[in-house]
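In the two complexes that follow, chain A is the common piece, with chain B as its partner first and chain C second.
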Partner chain A sequence: MMKRTFKIALFVFWVVAVLLLIALTSVALAQTGTPPPTKQDVTADDVNRIAKQMYCPVCENEPLDACRTAACQQWRAQIGQMLSEGQSEQQIKDYFVARYGARVLAQPPAQGISLLLYVLPIVGLIVGVIFLVWLLRRLRARGTAAPVATPAPPSGDEYIDRVEQDLKNF
Partner chain B sequence: MIVDLGLIALVIAALAAIYSFVMAILGGTQKRPAYIESARRAAVAVLPLLTLACLAIIVSNLTDNYSLEYTYRVSNSTTPTFLRITALWGGQNGSILFWNWLMSIYIFCVFVRPWKSNRDLLPWVIAVSIGTQAFFILLTIFFANPFARLFADAAGNISPSVFMPAGATLFRAADGQGLNPLLRHPGMIIHPPMLYLGFVGLVIPFAYAIAALIAKNKTNSWIIAMRRPTLVAWLFLSLGLLLGARWAYDVLGWGGYWGWDPVENSALLPWLTATAFLHSVIIQEKRGMFKILNMVLITLSFSWMILGTFVTRTGVISSVHSFARSSLGVPFLSFWAFSLVGAITLMAIRSDLLKSDNKLESFLSREAMFLLNSFVFLTIWFTVNVGTYYSMFSELLTGEKLTIGPPVYNQLVGPQVAALILLMGIAPLVAWHKSSPEALGKMIWKPAVLAVAVMVLLFVIGANPIFVAIGFGLVTFSLAITLTEYWRGMRARHKLSGENYFKAFTHLIARNRRRYGGYMIHLGVLVMGIGVIGSLNFQVQTQRSLAPGGQMQVGPYTITYERALTCDPSTGQMSADCAAWYIERGRDIAIVAGYMTIEKAGQAPVRVAPYREIFLNGTGELTPPGVLSTVGEDLYLLFLGEQSGFGTIKAYINPLIQFLWVGGIILVIGTLVAMWPTPTARRQTAALPERAVAVK
Partner chain C sequence: MSESLPPENTPKKSEQAPVGRYFLAGLFGGMGLSLGMLIAIGVIGLFVVILALGLFRANQTQPTSGPAPDFELTLFDGYPGNAGQTPIKLSDLKGKVVVLNFWASWCVPCAQEAADLQATYAKYKDKGVVFLGVDWTDIEGDARNYLKRFGITYANGPDLGTKIGPRYHISGVPETYVIDRDGNVQFTKISPVTVAELSGVLDRLLQQK
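Take a look at the complex of A and B:
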């Protein structure tokens, strides 16, 4: 019985872990680049698609595609220019990163100091899960003597209690 | 004159708070009820005193008193009366005073009546809450005093000061600078007070928790006593977040409602731990378990509320360097560290008090589910913390500031929220003590099958990326279970008492508001989840420049651009059409509006005029959209401006976004249901005489 319940607990962790994995891989898959548009059909939408993933230093916390300052307009014009020259999304981003640093990207590259950003939450999660399992087992193991027979807390309502009772027999 | 009165009231409020703090501690340590009573009365006196101080600022705004620096900054001769009042929280110093005033309302409500029970806790609840209040009043007086006046020295230099510098004369500006146009929108007038009310309210549960530790109170009475104030604070915090999201959607013009911006995050962080606390404390109340966890959760909520206030009030987050410039930095961070270290030390000293009364009987029990729930809330909290404060640290370490945009948060937080939604479904079905997998399986197989069916269906019709299908599947699962819980309760009542289903429903809720109010909050969150997943993943965005009469197609909508209207009072470019735009606005903004018509097959055309509101003082602009809302989606149109006869229009389709707002309303109603005073007390007293008669 106990083995079984522990299995259930493990199952819940696995569900969480699998969800995390699926989400991360699907995000990674979704990010494979789109082919660069040909010279003649660069639209505002093409520019915005790239600008959405960038920040210009003038606009604090506002993506480049939404920021309306003159500096940001110039950046967007430049993106449009580079697209019409046939440059790819990655080339354009690399150009801006080389000039202004990684801060122009909404999603910092997972390298160097920014790697920590991705690693920390995952490390936190792993440490947390280990701690949680340890805590659960400890709470479970403590006083393996007869469990304190506390009745299920009454809800203070006879109807609810009867409903609960009915549900048990359900 | 009125300014002097306000300043004096503020100083007396500080003295009253300090007096109350000292007397509460003396009364608590020396067991002197008279001292404690005196402390309680002094604590209650803070509200009227701060009210006087706030009124002084408002009167100064109303009477064009431009010798007061604060009035000079937030008001001017053309500011309407209503905005002169709300300008009380329109600038940094005034908003901190206002923040204090709101905190004193909570303190007043908690202490205004003499306590009949929990008298051992009283001195310490007073000490912690009024201590916090005293700190913030002193902060107002010494670092952010709204009563500073403008003085001109002998050389004619004008500077603000609370007291008249030697040889200076009072300076009265001809007119004020006026309220920041950003703060004139109704959303921005109502949103900060809600958020502040949520923030300051967290002092009450924290004070109770600390008091229970100091007074070595082993009972649950403090949990019961602080439950309602905590829910009030949580309600306002949630409302503040929701209204902030709505405001962003209505005026900021980027097609979204939540940008994971550090200011938003710093309000979300205490909400996360407070929500975990509200759940986890139920286990302490019913089973005497997880006492350390609850202390940790409420301490984190309180200290991150302090940190959040600091971040939102000083703008430190945009750059670490502004930290050095802000005089508020050191006191704020000291207080934050003190609350954190103090609470942890106290927990260590009283560790024997925090031992669990019961052991965990099974991993598959309500208790274990609650623990898992707190755990997930804490991992989300940790993740958002890393994201929010990481850019600050990266700047310190490397000299280069990093931007952490929404994609990063969505990837990291999304899966964790998915786990929470799963728990929201399963946990309420798991029995206390222990549950058998068979019993649980019996209750969840139907919703699980439904959820899997939804996932498969969505996957087949091509919902992409795959986690959209997973997300909707999980929401379906928990939604089905929550609705079934209502249904089972209603059916049971219907069978037992023969009430009709509507009566059974209302009675069910009335008889157990806490439980069914809680479920209603869950419903609200799940409905919001539908809106978030939909708007995040299926948003369509397109931008075109059109000549008058030109058309663009967005999804099923045809948009016809008519014309642009530019109004600029500073250049005198004010055609007859402009008058209508300035009815409720100051003259210090320029308007660039674009008139357009939306047509959809089978529907009457709708005319909208999205516009840009450009602040002439150069502090920024607002971009309110033109929106056509339907049940399924919003067509959200922005007018970006006109150039050589071409108007630029940006159009978004935000699918399912209505669910977000409706879910928010359900959440608020659910919270009201859960916290509404139960009529049990009244019912019992009313029933007593009958019973007495029966006994006779």
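Take a look at the complex of A and C:
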């Protein structure tokens, strides 16, 4: 019985882990997979497709495609200029990161302290599943094996016996 | 847990007793805390600390005195001014008075003070005063057009990686700092400066030996 719960929990854990991995890689692929427009006439949509993944420091909480300040207009013009030169989305983002820092990206790069953003949820999930499995096993063990209390052999010391007993209820 | 223990007369010590285990159980059990509770409290505590640090950092303001934060500025080609070298570090300019100006080509009030800054530079460039323009959050092409339009010749460079601005906690542009020969901030202005205002500060600092 106990083993079955454990197996089910383990199975659920692997399914979730695999799904998460697929989701993460597809996000990464979507980021790099768009082909660069080689045409000369760049539309505002082309620019905004990149701009909405960026933030300019002048508009703290508004993506670059929505910010109306003169600074952000310049940034969008620069993106359009670079697109018309045939540069790829990644090249453009790299240029902006080199000039203004990684903070311009809506999605922080998976390096340095930002790596925690990507690792912690997975670690949390694993720890959570382990905890859940442990809890289920303990509850099950308690439910079936409660009456079969196995008293520790008396140590001959009243205090030690008392502590052992308290620990069991702890 | 709150029941009374057996009477005091048998306090024998057992050699094989795992003391550490009893200690932990006694410590946390006595406080009525389970391991889960402790972890939860730890996590909440961590969040509070991170939040406090974030709020503290967000509340920091521009320096008005004390040591000026050091930085390295890579100058635009053709804009060496009187900085002496590129990239130039503020700490390399000890012994000189430094006028540090944050600006951007899209900034309207910056255009108001541009001519005044250049005029003040012309007046003091041979008197031991170095002017540094830091181009914040700007596109190089637009920045160059701006420098050309106002005939600016003092040292100018982009805030690469947006590192210098945050170090001075600038709230926008323009902002001007005057740093004395020992590297201390002596003047802070969070709006356009004028020739008269800047000259007053520079004359005072140049008189100090």
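Note that the second predicted complex is superposed on the first by the 114 of 170 C-alpha atoms of A that agree within 3 Å, B and C clash if a C-alpha of one lies under 4 Å from a C-alpha of the other, contacts with A are read in each partner's own complex, and residues count from 1 in each chain.
Basically, a residue touches a chain if its C-beta (ideal position, glycine included) is under 8 Å from a C-beta of that chain, and two chains touch if they have at least 3 such contacts.
A quick note: this is a predicted structure, and the numbers were derived from the prediction, not measured.
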| item | value |
| --- | --- |
| Which of chain B and chain C A:Gln74 touches, first, second, both or neither | second |
| First (chain B), second (chain C), both or neither touched by A:Glu60 | first |
| Which superposed partner A:Ser114 touches (first chain B, second chain C, both, neither) | first |
| Between chain B and chain C, more extensive residue contact with chain A | B |
| First, second, both or neither for A:Arg103, with chain B first and chain C second | both |
| Chain C-contacting residues of chain A that also contact chain B | 101, 103, 155-157, 159-160, 162-163, 166-167 |
| Of all residues in chain B, those that touch chain A in their complex | 252-255, 259, 261-263, 286-287, 289, 318, 356-364, 368, 371-372, 375-376, 378-379, 382-383, 386-387, 390, 394, 397-398, 400-408, 410-412, 414-416, 418-419, 422, 431-434, 437, 464-467, 470, 488-489, 492-493, 496-497, 507-508, 511-512, 515, 541-545, 612, 621, 623, 640, 648, 680 |
| Sites on chain A touched by chain C in the complex | 56-58, 69-71, 73-75, 77-78, 98-101, 103, 155-160, 162-163, 166-167, 170 |
| Interface residues, chain A side, partner chain B - complex | 2, 4-6, 8-9, 12, 15-16, 19-20, 22-24, 26-27, 29-30, 43-45, 48, 53, 55, 60-63, 65-66, 68, 101-108, 113-114, 116-118, 120-121, 124-125, 128, 132, 135-136, 139-143, 147-148, 150, 152-153, 155-157, 159-160, 162-163, 166-167 |
| Chain C to chain A touching residues, read off their complex | 1, 5-6, 10-12, 14, 17, 21-22, 25, 29, 104-108, 137-139, 141-142, 158, 160-163, 165 |
